[in-house]
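Given below, in the form of structure tokens, are the structures.
Okay, so subunit A shows up in both of these, paired with subunit B first and subunit C after.
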Partner chain A sequence: MGSYLATEEQVSTWLHLLAKERDLFWPRSVGQFNYSFLPLGERDEICFDRYLPTIVPPGRRLLPDDETLFTSQQGDDRLSHYLPPQPSAPMVLAGVRPCDLKGITQLDTVMAAAPADPYYHQRRVNTVIIAMNCLAPCDSRCFCSAVGALGAQDGADVFLTLLAEGVLVESLSARGDEILVKASFSLCEDGKERRLVAEGTRPLPFGRELAVVPEALPEMLRKGYESPVYHRYGERCYSCGTCNLVCPTCYCFEVRDEMSLDGFSGRRSRTWDSCMIPAFAEVAGPHNFRAEVGERQRHRLKRKFEYLPERFGLGSFCVGCGRCGRQCTANIDILNMVNDIAVEVGGGS
Partner chain B sequence: MKPKVAFFDFASCEGCQLALLNCEDDLLAILAQVELVEFREAISEQAGRYDIAFIEGSIHREQDIERLYDIRSRSKVLVALGACACNGNVQARSNFVAPAENYKAVYGEEDRNRVQVDGEYWPLWTHTRVRAVHEVVKVDYQLRGCPMQPTEFLHLLKSLLTGREPSFPANAVCVECKKNENECVYDRGLACFGPIAFGGCDAICINSGHLCDGCRGLLPYANVKAHRQLLKEMGIDITSVQNRYRLHLSNEPDAGEVRR
Partner chain C sequence: MSKDAFVDAGLYLPQTGRIVAIEQCTVNEKFFRLELTRPLQHRPGQFVMVTVPGMGECAISITCGPREDNILEMVIRRVGNITAVLHGLEVGDTLGIRGPYGAGFDLEEFYQRDVLIVAGGLGLVPLRSLLLPMIAAHQRFGAITIITGARSPAETLFRHELADWREKENVRIIELVDSTDHYQWDGEVGMVTAPIGSLVLDKNRTMVVLCGPPVMYKFVLLELEAHHQIPATQIFVDLERRMRCGVGKCGHCQINQAYCCQDGPVFRYSDIQNYPEGLA
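The block that comes next holds the complex of A and B.
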């Protein structure tokens, strides 16, 4: 688990080498202002430090949309037979920022909790993660530091930091060592010290700030249950679901069965779903547990800052990547919403 | 016995029926499962009762209404096929423009003057309110879009044949934009109807670099007020917004009139 120092070119060559063996995803520019984790092609240039959080987070690669759960086929015995899904190919998620890394490790825990999700697990054990340190906030939406995601390293196999003298490459796992065998970087004895020096140059505060410490949020949200803030934001909301679909710790899905026209074969799949969409909480009756948009906003917020943190003890399930605000056409920003509630219930520090 | 399936067209371009003929791969499998009893694009014959009747097009004239009543009374399941049948589509624009103005815009003043005095020239040049099928008879399922989406057609047919309830999620187009990781049209500084319009189209227009004009109709929970406000804040001229509403959405209760 050594540390190395390399030039951007050397790292780029190494990544391209890895990409020949298996799918390697790196943030690539999409349209004018956006990025997306896309397979690195032979001729693709790698931009090391000039990318924003992608439209959807890298963790979505572990929970792909329209994923096959099983298929069925009629056999010679005229009975329907279960066929498991094709195992997924090994992949590398590279250029993963600490916020997204924290999101993935939180998904790991959620998906391992009973009933464990075998589909997620199968992909996860086949996935190597090369993370990329942040030394400055990505843009004016970022608040990873406020929710304790900035320092995340857990879950990464290799950890990159851009230093003035080159790229610091730290191996954090046996799998990291394994993929670094192919590299010809020079060993760096004081890697950790160099990283800490670089991290010391981060601006303070790093990105936007929460009005209360994250630990105080569950209590604050309980106090503010009836807060009009949710409904005020709700007035602008389209219930389009974007904020959920771009969130590194949202994982809800809808299951669908589709038969062939002759009825002899079929496929069960799951697709991304979102608790901001009105039909999400609709049940027989018909009754909707969260018919009002303000109630859905409250639910989304409490999932991130109260329900999941209290259930799993892994801190805030909002990792501060800023995606939901960035991608929302109505400019509804979750941090602004929390801070408005804090002001209202007087939880401000 | 195979279920009897029939297609009927009213005011439309028949593009949805063509879109169906484009599902070549599945067409034979479909024909193996159903008995096609009326399909102007392919065969012509009258059959008594239908298990599934697909209605394409919007309803313009008194005699259309009579015909539709008749089809409904002979059909177990009635499906509105495509944007014209589901939301009146482009035709419904004429609910807001006097026929004389419309006629002049298309055929010129001279022709307009003639049609107004010559009863034989084109008796159909005026018509009653343009209606979607559900404004006239009970509709069991809607296959939205201009044209309809063949995958949704197949899903509906398979569901009906196997006795399952088909699912057409009432989701905004934005959902499919996220699944396809499209850059949002708003990021390009343009206005999109995706946040208030029915998805199910796989965001096909945005995937290919256009924007959404809402051909699949407004969502039941469309936040039209917020959308107006957003466009206003973007400095978009209200008449151009009105024109975009009039393209596919004239018959939507909230969208017909854009106030200054």
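The block that comes next holds the complex of A and C.
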């Protein structure tokens, strides 16, 4: 689990080497302003500059949209036979920021809770993560520090930090050691110290701030259950579900069956779903347990700051990446919503 | 993520069940008996995910009591796409079954206690999985009172069984309909809340189980509180939510902190009475 110092060019060569063995995803610029985790091609240049969080977080690669749960085939016995999907290929997620890294470890815990999700598990154990440290907030939406995600290293196999003197490459696991065998970086005895010095240059506050400490949020949200804030934000919400689709810790899915035209074979898949869509909690009757848009906003927010943190004991499930606010057509920002509730409930500082 | 945690690779794969009997219960409800490839080994109050090949999957409560053989019984209302196809199936057709899922009831907790069951509409369907073993061993329980409610006599379920159960010395059954709707009716007319006030219940030894449409719980609980003050730890509610996976992953059935598919659908009322979405 050593530390190394390398030039950007050396790291780039190493990543391209890894990408020859398996799919390696790196944030690539798409369009004018956006980034996306896309497979690194032979000729693709790697940009080490600061980049905005990708629209879709990297963890979604572990829980892909439209994932096959099984294929079915009607046999000569007229019975349907259900076959599991092909195992997915090994991959590398590289350039994962601490917020997204924390999101992935949160997903790990959720998906490992009994009964464990077999398909997520299979992908995860075949995934190597090369994380990339943040020394400055990515943009004005960032609040990773406020929710304790900035320092995340758990779950990463290799951790990169851009220093003035080069790229610090820290191996954090046996798998990290394994993929670093191919690299020819020079050993760095005082890697951790150098990283801490670099992290010491971070601006304070780092990004936006919460009006209360994260630990106080569950209690505050219970007190503010009937808060009009949810409904005020809800008034301009289109219930489109974008906030859920871009969230690193949203994992809810809908299940869908398709039949082939031959009428004998089919496939069941799961697709990303959103608790902001009106039909999400609808049952026969019909009865909708969250018919109001404000109720759905409350549910989304409480899942991030109260329900899931308390159920899994991992702290805030909001990792402060700012994606939901950045992508929202109506500029509904989860941090603004929490802080408004804090002011109203009187939990604010 | 640990590499050696137990992972069931077949979590999302159904087993095959063959329909061996179908009965039309009412205009909208059909009874299905399936033979599975292995015993279901369920507890009362649990549910299964039913796959109609090519159509989809939905959560259906188990209506038979725990049993040793490979039989699964369900009563299914024709209400959407999948249930419409289910209603068109015939004996010999096959379905996919996953489960059983959910926490269910612990029958032993009811031993030596008086039991009050309040079932509205289809509520009797899941509660039959509790009532069958309870009636079969009725001497082990105190007084068993069953209140059932339906919209009209044409929508009542399991009347023959209710008539048999009524013969047991410690079983009392009150059958109600909202209106007789010009049908012949030998039961009572009114809401399931109506008889509660006049029941004689010992709050220290009575266990209460409720299952019905969402609107029913609040009013039955108000009546219970007004007349009997039975502690919330002795009251169970069997709830319904949209369930897509049955294993606590898809997120649809969440009730505040709880997942209906894993923590429920049978909840001890004291566990969810502070959840604003619980009985909404």
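By definition in this document, the second predicted complex is superposed on the first by the 343 of 349 C-alpha atoms of A that agree within 3 Å, B and C clash if a C-alpha of one lies under 4 Å from a C-alpha of the other, contacts with A are read in each partner's own complex, and residues count from 1 in each chain.
In the analysis below, a contact is a pair of C-beta atoms (placed from the backbone, for glycine too) under 8 Å apart; a residue touches a chain by one contact, two chains touch by 3 or more.
Please read these numbers as outputs of a predicted model, since none were measured by experiment.
In the superposed pair of complexes, A:C275 makes contact with subunit C only, with no contact to subunit B. In the superposition on chain A, A:S239 contacts subunit B only, with no contact to subunit C.
By the document's definition of touching, of the two partners only subunit B reaches A:F33; subunit C does not.
When both complexes are overlaid on chain A, the residue A:V56 reaches subunit B alone and has no touch with subunit C. Contacts of A:H287 after superposition: subunit C is touched, whereas subunit B is not reached.
In the superposition on chain A, contact is made by A:R256 with both subunit B and subunit C.
Within the superposed three-chain model, A:Q327 lies in touch with subunit B and out of touch with subunit C [touch as defined at top]. Once the two complexes are overlaid on the shared chain, A:V125 sits against subunit C while remaining clear of subunit B.
Contacts of A:D65 after superposition: subunit B is touched, whereas subunit C is not reached.
Between subunit B and subunit C, the partner in contact with more residues of subunit A is C.
Shared contact residues of subunit A, touching subunit B in one structure and subunit C in the other: 254, 256-259, 263. Interface of subunit B with subunit A (complex): residues 26, 29-30, 32-33, 154-155, 157-158, 161-162, 164, 167, 169-172, 174-175, 177-179, 181-184, 186-188, 192, 194-196, 221-223, 226-227, 229-230.
In the complex of the two chains, the subunit C residues touching subunit A come out as 1-3, 5-14, 16, 51, 53-57, 77, 79-80, 94, 96, 213-214, 240-242, 244-245, 247-252, 254-257, 276-277, 280. Contact residues on subunit A toward subunit B in their complex (touch as defined above): 30-34, 36, 54-56, 65-66, 235-242, 245-246, 254, 256-263, 271-272, 274, 277-279, 327, 329-330. For subunit A in complex with subunit C, the residues that touch the partner chain are 69-70, 72, 74, 78-80, 82, 84, 108, 110-119, 121, 124-125, 225, 251-259, 263, 266, 268, 270, 273, 275, 280-285, 287, 289-290, 299, 302-303, 306-307, 310-311.
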